[in-house]
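These are the structures in question, set out in turn.
Across the two complexes that follow, subunit A remains constant while its partner is subunit B and subsequently subunit C.
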Partner chain A sequence: MPLLEIKNLKLDFKQGDKMLRAVDGVSFSMEAGETVCLVGESGCGKSVTALSIARLVPTPPAIYPEGEILLNGSDVLKMGKKELRSIRGGIVSYIFQDPSASLNPVFRVGNQIKESLKLHRPQAATDDEVIRLLKLVGIPAPESRIRDYPHQMSGGMQQRVMIAMALASEPKLLVADEPTTALDVTIQAQIMELLLDLKKRLGMSILLITHNLGIVGDIADRLAVMYAGQIVEMAPANQMLKRPLHPYTRSLMGSVPKLGHELERLNAIPGNVPSIGFMPTGCRFHPRCPMAKSDCSQKVPELVQVEPGHWVRCPYWSES
Partner chain B sequence: MSLLEVKNLKVHFPVKHGLFSRVKAHVKAVDDVSLTVESGETVGLVGESGCGKTTLGRAIIRLLDPTAGQVLFNGEDITRLTQSELRSRRRQFQMIFQDPYGSLNPRMTIGQIIGEAIDIHNLAPNPTARRERISNLLKDVGLDARYADRYPHEFSGGQRQRIGIARALAVEPKLIVCDEPVSALDVSVQAQIINLLMDIQREHKLSYLFIAHDLAVVEHISHRVMVMYLGHVVESAPSKTICRNPLHPYTQALISAVPEVDPDSKRKRILLPGDVPSPINPPSGCPFHPRCPIAEARCKTEVPALREIKPGHWAACHLAGESGASGAKAPGPAGA
Partner chain C sequence: MWQYIAKRILHLIPLLFGVSLLTYMLMWMTPGSFYDNLKQNPQISPEKIKELEAKRHINEPFYVAYSYWLLNAVKGDLGYSLAYKMDASKLISTRLLNTFLLSFFATVLAWAIAIPMGIVAAVHKDSIADRALSSVAFMGLSIPEVLLALLALMLAASTGWFPVGGSQSPMYDLMEPGEKFWNRVHHLILPTLVLAASSLAGIMRYMRSNLLDTLRAEFVTTARAKGMAEGWVIYKHALRNAINPLLTIFGYSLAGLLSGAFIVENVMAWPGLGRLTIEAITSKDYELVVATVVMATALLVIGNFIADLLLAWSDPRIRLK
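After this line comes the complex of A and B, so read on.
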């Protein structure tokens, strides 16, 4: 049984009398110990998909009209409050983009980590355990650091504290939502190295949400690229990075400048990401697609398996 | 004569404390920076947050008053001009800001935003000429001329950044300081704006001072790249050279940390320990020595000067250019 199985997840936001669909039929699964990356631009639905795993999207305004999220075999969307509380932290933990906004500014970081321990492993809620966790995430001199307030730490240190807090409950799945976007490149490299190291040492599953295709290569086993609320391509990481098949994935890779490559012009994708509520008909990428055909605006493409493990939502994927 | 010449520029901010706001210390945001920008050239300025790159950009066009040093624009020192003299000179240098949401007045239409600059400098003799000029500017940046009557909230981030560019272009400047112009944008839109900036440069023979933290973006657009660390320029070279052959250990680490899409090109990643130190109390000697993988004893005491190690390639490191040290080889630290 996979650790996480999302089946045909749909998520609407109610605005007035209109229903805006943010996630439209997302399905994927994760085995224990596997790392999956969800890649996409802002507004593609990657974050709300990830937040749905522990039902962290408030309902209302959100409504789940269809779909299942099976975590360890039981459906999160049908759980009561008590059950939800046991899986939050117990099975799945989160780290977010902006660590300074996620930590409570008026409590010492040691106490904030201890709070997580008290809830999930009460017998281990000691200073020694907090120090062990801080050491695990690579904070120097943790004995003195546990008495620090968040503002006394740098952004990179704060993100390490967030990771320590997430790990305190010994979750099976760590969801990292843009964990390095707010950090500088050298600090980003440190945090990615830490996640890679923790993945190897603790054998946890990681679901990494990012807009940056560059950081996924080292850590991801599988990649799923999202566009406008749908998965458009899913494949083992190496396979997709070497040979992307969907025109969106290809354009996305072509539009980032690469260091040391002499290139006069970047292959920019024309136009903008469609806004929720104004989705194009047919294939949602067709207005921006360099190889769109006349019928792309009518036929809605399905996500099909074109090679073992490689799924693509484009009928013309082989013409490149 | 260079279009822009900055000589030994310093920007220090006082840190005040206590009842009488006594000045306790100074944040040396920019400390002794010199640079030149030729006409038609793009100079890139990279560094992590807090390294002083934005402060430098703002001090150059005098949105901030520098503590010491000179900014020569076409040979004239603009740090000594009065406000009214400065206003007339501002036609020649403009700025594009990072946040396309914060930098446009939400109560003004696009036409008013762009037209304001035209009015200040009296660039349009009559309303018809003014209107025509605005629609041409909008067309130049790839927007529909009809957008002049709309308000900023009706546009996406990428479109707003185009409006910001049109506003800067409205007064026909010679230099544009671009402060992180693409970092708030989505990846696919980033490329559009970078292409647009390069097209405009070719058409209007502009110079850019391009400030960003993303080395790959800076390398792509710039002719010359300067790397800043804690208020100092630590390396400066033509952009192709700096990527292929970085001399300063900080630049080497920055380059190795740039995310790489291609899974086969396994660049050796140099992980720098620790964080950027506080600019209030910078380390003695070389400001980079506490994080440097190849630091020696003298790095703790002697401040390295910015030296020309190869023609056109400057670095502020005692060990740069020495055989066996950091040098020309592929980045690979010799023991921490």
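After this line comes the complex of A and C, so read on.
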């Protein structure tokens, strides 16, 4: 049984009388110990998909018209409040984009980590355990740091505290929603290294949400690329990085600047992600696709398996 | 910390100097004088009035009169009330207790009701309770304080449940101690209710919008993601942050209720500082006006200072320097 199995997940936001579909039929699964990266531009639905795993998207305004999210075999979308509280932290923990906003400014960091312990491992809710966790995430002099307030720490340190807080409850799955986007480039590398190290040491599954394909190579076992609420390509990481098949994935990779290559301009994908509620007909990527055919605006492509474990939502994938 | 307090007190000195100078000047520049009434009285000789005017430096230039006042003020004497024929500071101190009692109970009452109301409205946003509370608040904001005070007086007069105005009965001096206490309380109830009702709506709306903002903050999602029960998420994580901006408002309300009490005190004949100030202005009892304005300024600054201390205590990001 996979640790996480998302089947045909659909999520609507109610806005006035209209229903706006933010996630449209996303399916993927994760085995225990596996690291999956969900990649896509802002607004493609990757964050709400990740937040849905612990039902953290407020309903209303969100509605789940269809789909299942099986976490350890039970459907999160059918859980009551009490059950949800036990899986939040208990099975799946989160770290978010902006650590300075994600930590409560008026409580000491030690206190905030201890809260997580009290909820899920009450017998371990001690200063010693907090110090051990801070050490685990590489915070120097943790004995004195537990009495700090979040604003007394740098962004990188704050994100380490968030990770320590997420690990405190010993989850099976860590969801990292753009954990390095708000940090300096050097700190980004440190945090990614820390996640990689923790993954190896604790054998935990990680779902990494990012828009930056440049950082996924070292850590990901599998990649899923999302566009406009749908998965457009999914494959083992090395396979996709070596040979991306969907035109969108190729454009995304082309837009990652490489060290040592002289560039006149950065390669950006022309146009914007279609805004929710104004989806193009046919293939949703066709207005921005460099190799769009005449029938791309009519035919809705399906996600098909073209090689073992490699799924693509483009009928012309073989033309690359 | 002590350095900070000392600094704040030192800031008060030039402020009070400026405020007293401006008020004194304004009172001096307006036409007429307190003695104009006496001059109409044939029983008082013009010589006597000249003597009184000379004693109070009425006919000398403004800066001379002000200098005399300032010299005394530095020694702690805030001037002399011509109407009451006593020291302004002594007069104010007798009225200050009345105003303080009224403002204090009104503030406590308003906050004790408004804060829970705001929390309920924010937590159950768009529910029937929220709409009902918002309508009450809207009414509270729309009804002028004067009208509310008059309605309260009408209620007192027609039902006899409450005394109509004043702070004590005419027979007060003949009462037993227990009776005296009840008599005071009985007189205090209506003005307190009116004054509290007028500030309640604003505080409630502010609490509601602050808590709604905080409930959208990312650290609230973090707290939920930990598996915390919704009640704890709201009352520990969200409320603790939502209350901080209200502490500033609280400081203003400490001083603001003293000026807000102008209307209630006048309409409901409450012998407080607000009423005294209005009387002093209309009768051109100029040194009393200056003394009350100086007092009100000091209270406003002290109120803000208390708010700053509370905020520093409540929010670890703020350090007093």
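The rule we apply is simple: the second predicted complex is superposed on the first by the 314 of 320 C-alpha atoms of A that agree within 3 Å, B and C clash if a C-alpha of one lies under 4 Å from a C-alpha of the other, contacts with A are read in each partner's own complex, and residues count from 1 in each chain.
Criterion: a residue touches a chain if its C-beta (ideal position, glycine included) is under 8 Å from a C-beta of that chain, and two chains touch if they have at least 3 such contacts.
Given the structure is predicted, the values throughout are model-derived calculations rather than measurements.
Within the superposed three-chain model, A:Ile87 lies in touch with subunit C and out of touch with subunit B [touch as defined at top]. Of the two partner chains placed around the shared chain by superposition, subunit B is the only one that A:Ile215 touches, whereas subunit C remains out of contact.
Judged by the touch definition given at the top, the superposed model places A:Ser116 against subunit C, while subunit B stays out of reach. When the two complexes are overlaid on their common chain A, residue A:Glu41 makes contact with subunit B while staying clear of subunit C. In the superposition on chain A, contact of A:Ala32 is made with neither subunit B nor subunit C. Looking at the shared chain after the overlay, A:Leu196 reaches neither subunit B nor subunit C. Of the two partners subunit B and subunit C, it is B that touches the larger number of subunit A residues.
Taken together, the two complexes place no residue of subunit A in contact with both subunit B and subunit C.
On subunit A, the positions that touch subunit C within their shared complex are 51, 54, 56, 81, 84-90, 93-94, 96, 98, 101-107, 115-116, 119-120, 149, 151, 162, 165, 169. Touching subunit A in their complex are the following residues of subunit B: 48-49, 156, 158-159, 186-192, 194-195, 198, 213-217, 219-220, 240, 243-244, 253-264, 269, 271-272, 275-276. Residues 41-42, 154, 156-157, 184-190, 193, 211-215, 217, 237-238, 241-242, 251-253, 255-260, 262-263, 265-270, 272-273, 288 of subunit A are the ones that touch subunit B when the two sit in their complex.
Note for the complex: subunit C touches subunit A at residues 217-219, 221-230, 237, 240-241, 244, 314-317.
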